[in-house]
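Lettered A, B, C and D in written order, each chain numbered from 1.
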Amino acid sequence: MSLSRNQQSNRERKSMNKIAFIGLGNMGAPMAKNLLKVGLTVEVFDLNRDTVTELASLGAIAADSIQSAVAKANVVITMLPASHHVKSVYLDDNGVLNHVSKGTLLIDSSTIDPETARSVAAQAQVKGLNFVDAPVSGGVSGAAAGTLTFIVGGTVENYSDAKEVLSHMGKNIFHAGEAGSGQMAKICNNMMLGILMSGTCEALNLGIENGLDPKVLSQIMLQSSGRNWALELYNPCPDVMENVPSSNGYQGGFMSQLMAKDLGLAMEASVQSQTSTPMGSLARNLFNLHNGQGNGERDFSSLFEFYRKK
Amino acid sequence: MSLSRNQQSNRERKSMNKIAFIGLGNMGAPMAKNLLKVGLTVEVFDLNRDTVTELASLGAIAADSIQSAVAKANVVITMLPASHHVKSVYLDDNGVLNHVSKGTLLIDSSTIDPETARSVAAQAQVKGLNFVDAPVSGGVSGAAAGTLTFIVGGTVENYSDAKEVLSHMGKNIFHAGEAGSGQMAKICNNMMLGILMSGTCEALNLGIENGLDPKVLSQIMLQSSGRNWALELYNPCPDVMENVPSSNGYQGGFMSQLMAKDLGLAMEASVQSQTSTPMGSLARNLFNLHNGQGNGERDFSSLFEFYRKK
Amino acid sequence: MSLSRNQQSNRERKSMNKIAFIGLGNMGAPMAKNLLKVGLTVEVFDLNRDTVTELASLGAIAADSIQSAVAKANVVITMLPASHHVKSVYLDDNGVLNHVSKGTLLIDSSTIDPETARSVAAQAQVKGLNFVDAPVSGGVSGAAAGTLTFIVGGTVENYSDAKEVLSHMGKNIFHAGEAGSGQMAKICNNMMLGILMSGTCEALNLGIENGLDPKVLSQIMLQSSGRNWALELYNPCPDVMENVPSSNGYQGGFMSQLMAKDLGLAMEASVQSQTSTPMGSLARNLFNLHNGQGNGERDFSSLFEFYRKK
Amino acid sequence: MSLSRNQQSNRERKSMNKIAFIGLGNMGAPMAKNLLKVGLTVEVFDLNRDTVTELASLGAIAADSIQSAVAKANVVITMLPASHHVKSVYLDDNGVLNHVSKGTLLIDSSTIDPETARSVAAQAQVKGLNFVDAPVSGGVSGAAAGTLTFIVGGTVENYSDAKEVLSHMGKNIFHAGEAGSGQMAKICNNMMLGILMSGTCEALNLGIENGLDPKVLSQIMLQSSGRNWALELYNPCPDVMENVPSSNGYQGGFMSQLMAKDLGLAMEASVQSQTSTPMGSLARNLFNLHNGQGNGERDFSSLFEFYRKK
């Protein structure tokens, strides 16, 4: 996936200094700020005018429509809540595809279903535009710190271009494959995470209910074949680890309803591809049952409480 | 859990140089050999006389009954297939408890249910004997190399004593808590492992069925929140990683039927303690269904094939 | 839901004697034949010209496009494989909605997602057309015998109208609620069926593996609280019941891949409505794993074999 | 399984008129009362002296030990909470087996694991005693009304004898097979019931969350392939059916913790026989999670609330 020096220098001649940023929510706003910090021109649009005003006060150009936001851009970045927003922002008559210059790089960092991503990419290509899907992980704190992980789907060249821009907002930038693959790889990873977290809650709770100390059990599993990301960095049992949501009333972190949303995307991909995902399906249901009891906005490691006897 | 200098020196005066070793199967035989290598006196017993003879040729003393094997021992080690063997070897009229000297250290390295371990420990204590449960992980290769992991349940003092002996056969020796805790911690860890493995098979397969390259997906998840022991050291998808069973026709490694057995122990602990273990229960059933198709003696990562469309 | 005499007589004056029938597959063809048998005018269309020719030989009018098929119809019936076919047949420029007379009754008997049904219904209403979704159960044999069950979603009046036409093809015609409800109720019922069948396979197998005679166990459960449709009419264990697929090598009946499809629709409804369906999700995965081993075209009660040790 | 006239008449000559009844809890007491009502001699024992006194006031003979209770009996009936009570009452030095006359019929109506039942049966046989396991269903109200269902495991002759006595307390008396089979068949049936109930809760909830009326949906499923015992007689959704626990705040009926106990017995049988029971395992976990939130003593159909969003 490395490029020769010539291709490299060709690529670098592309201008990628005028960014249109659409979608300035909890994630989008701090991401856009990081682009401003490195001196790029950033024209911003959001239906929420307050956040547009705030960004403008930091040096962004406020746009009052998608059309005007993207008119002069050579890169467009979108960060939107769900698939139908992405379809609308890119494909509507007033949308991105109809109003950008040929050759523009389009980066969608929303987390959506891969099919929508592939469809937008195909329609962009027809118009001579370069689309990548580039969903993120790392949460609001990663967005603020500029340490997000991006998983990119698109051609090698588009990935290379996108990497330059994304590197101002993130630390790890992976190339998962062709268009849609960024979404798909994120879905697989987050399904795995949902399984790790529910399994870790369950194993710790089984130990506690049978007389083990969760700190001791965690130490043993960390050095054995039960080791996993949740146990290492995000222990769901209160007071085993410092500076994690479980030791802070499950505040902050990654909302349980977002985990359920990601597991829902995995289920849809599983159904559409007729793939078997029994463990992921069960994890979705466990998080969903937990959320139904009023826990949707708490950190996803609060699933630990779902297992505890009241 | 550290001991003062005085206790330390007291403890060291205990003699632990005459070992009785009962149960010389695939695991027990190489473990006993490692004790011989460091010059300890080892008296061995097994119903299979061939393996007794083999050990004798390496310097062990062949015993023709449990009684005679343990008569002069100050340490007894047992390595047996299942709970009922452990009960019989320790508790029968001709068993260990009735024929060892007071103060003898008893180490059971079988993998059995914690209740049996607690029961034997209690009956040993009544007779002034010191019992620990010390199940292992690391498999036949770890037994041969002397690099096993032992998870020990028993008093702090018994753990310290056992550690000295076990250190000739293993590398990591954990103290999980009081008697039975070694078994319980191993059960929790291996339930976690069953979940990790089934989840990893499933996530990789979902990616493959949706067009991702399993090597690329594995790389991405390893650096993201899907990271786990199975993905790091034991990738179940053929040809992603070298020197693992999946790249060798799923030969060797940890037999799928042993994973199902360990998950079965987890289920029994879950039922008896009225604990909820939905993910672990499902993992047991997936491995059991897989084993029912003739895969019980293949490596447990062969579960990957269970997910694949034929 | 009963209508007054006046409304009743008004309704009856509506003409419903010219039927356009689109989609003449395994189900659609025998359904259309039953309409011909009662003397209705039936104009038929399918991409497969052979089946159109066959129907024409039985008295149907062969149409060479959707447009011409529906031009003179006062009732349109569609029986199509999946959602995208339904969208296309109704909503395309050459589709039904653009070429029927105002007031026409539109009956879609395909099994699709409720959202698509609701969307087509809404667009039909805008054009002054009367749409109901009316998915069926009863299989190919029920279609031939005219004993299908229809579960109808739509207004009370549209349901009453549709009932008259559907009564020539089926025996039980239920009104589930407004548009989309027919699909939704069928999805719920078939999810229940998937759970009943997998549970029945599992309970019988548990008994057999523990020494019980499946006939005796079936008799006991039938008279106890384990009674259910699968056990009563469709015992999945060979040789317990006569004239069911399990006693005929699992041929005929309801294909396992169709059960997986219906469970997939349930999963999508569950994800979209953020509802928890752990049992239904697991059932989908069990059928999908079974299908992946080459059983998709066998009867769905062949899941019994999935549980058996080989 | 029918007996010839001669055997029949032989059998009838056996005296079965002196009953020892051990275990007078919620179930045992009303069962014993029904034996008194038909004029049998009933000698009763329980650790709770109040219930012994109450039975004595109704004509029973109060015994102050198991020994004295069974000394003159030709039939012994036991109704105890769990396996270890059964072992103790039958096998202890002061227990039933050591103090009854040869040829006595022993009927254990407790719900316990089949292995214990088989073991007690075997030891009884050695002493020339006739043991059957005869677990019941029908609950406290069935016990009072004399309408219990008994599922009997034992020889054909012992079953025939037991049937005579049990017919004073129950309506349906099944013969499941040899000793232990009564327990096993009950376990299979109740696992099926746990699956039916959780599936029914789930299907109704999916419908409600997608706009269906639970009464309408229930009616449709009752006449379709989703029909099952829970839907027919025990609808878990409030106000769909009268005179069921769901329409009475989930009071009375069959306690959720007893359903979890029965599903736990199924899990143990599944693990011990290496059988796959994914649906039953999941059902156990759902009931157990529900019970852990303080619902253990409510009717088991209260699981419906577990699925509802709060």
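One rule holds for everything that comes next: a contact is a pair of C-beta atoms (placed from the backbone, for glycine too) under 8 Å apart; a residue touches a chain by one contact, two chains touch by 3 or more.
Fair warning: this is a prediction, and the values are worked out from it, not measured in the lab.
For the pairs A-B and B-C, the larger set of C-beta contacts lies at A-B.
If you average the Cα atoms of subunit B and of subunit C, the two centres end up 53 Å apart.
Separating the centre of subunit A from that of subunit B, both taken as means of CA atoms, is a distance of 40 Å. For subunit B, residues touching at least two other chains, in rising order: 270, 274-278, 282, 286, 289, 292, 307, 309.
In terms of inter-chain touching, the protein chains here all touch one another pairwise. Listed in rising order, the residues of subunit B touching subunit A in the complex are 114, 137, 149, 151, 172, 174-178, 180-181, 184-185, 187-193, 195-196, 198-200, 202-207, 209-213, 216-217, 219-221, 223-232, 266, 269-270, 273-280, 282-283, 286, 307, 309. In the complex of the two chains, the subunit C residues touching subunit A come out as 260, 264, 267-268, 270-271, 274-278, 281-282, 284-286, 288-289, 291-292.
Those residues of subunit A that touch subunit D in the complex are listed here as 278, 282, 289, 292-294, 306-310.
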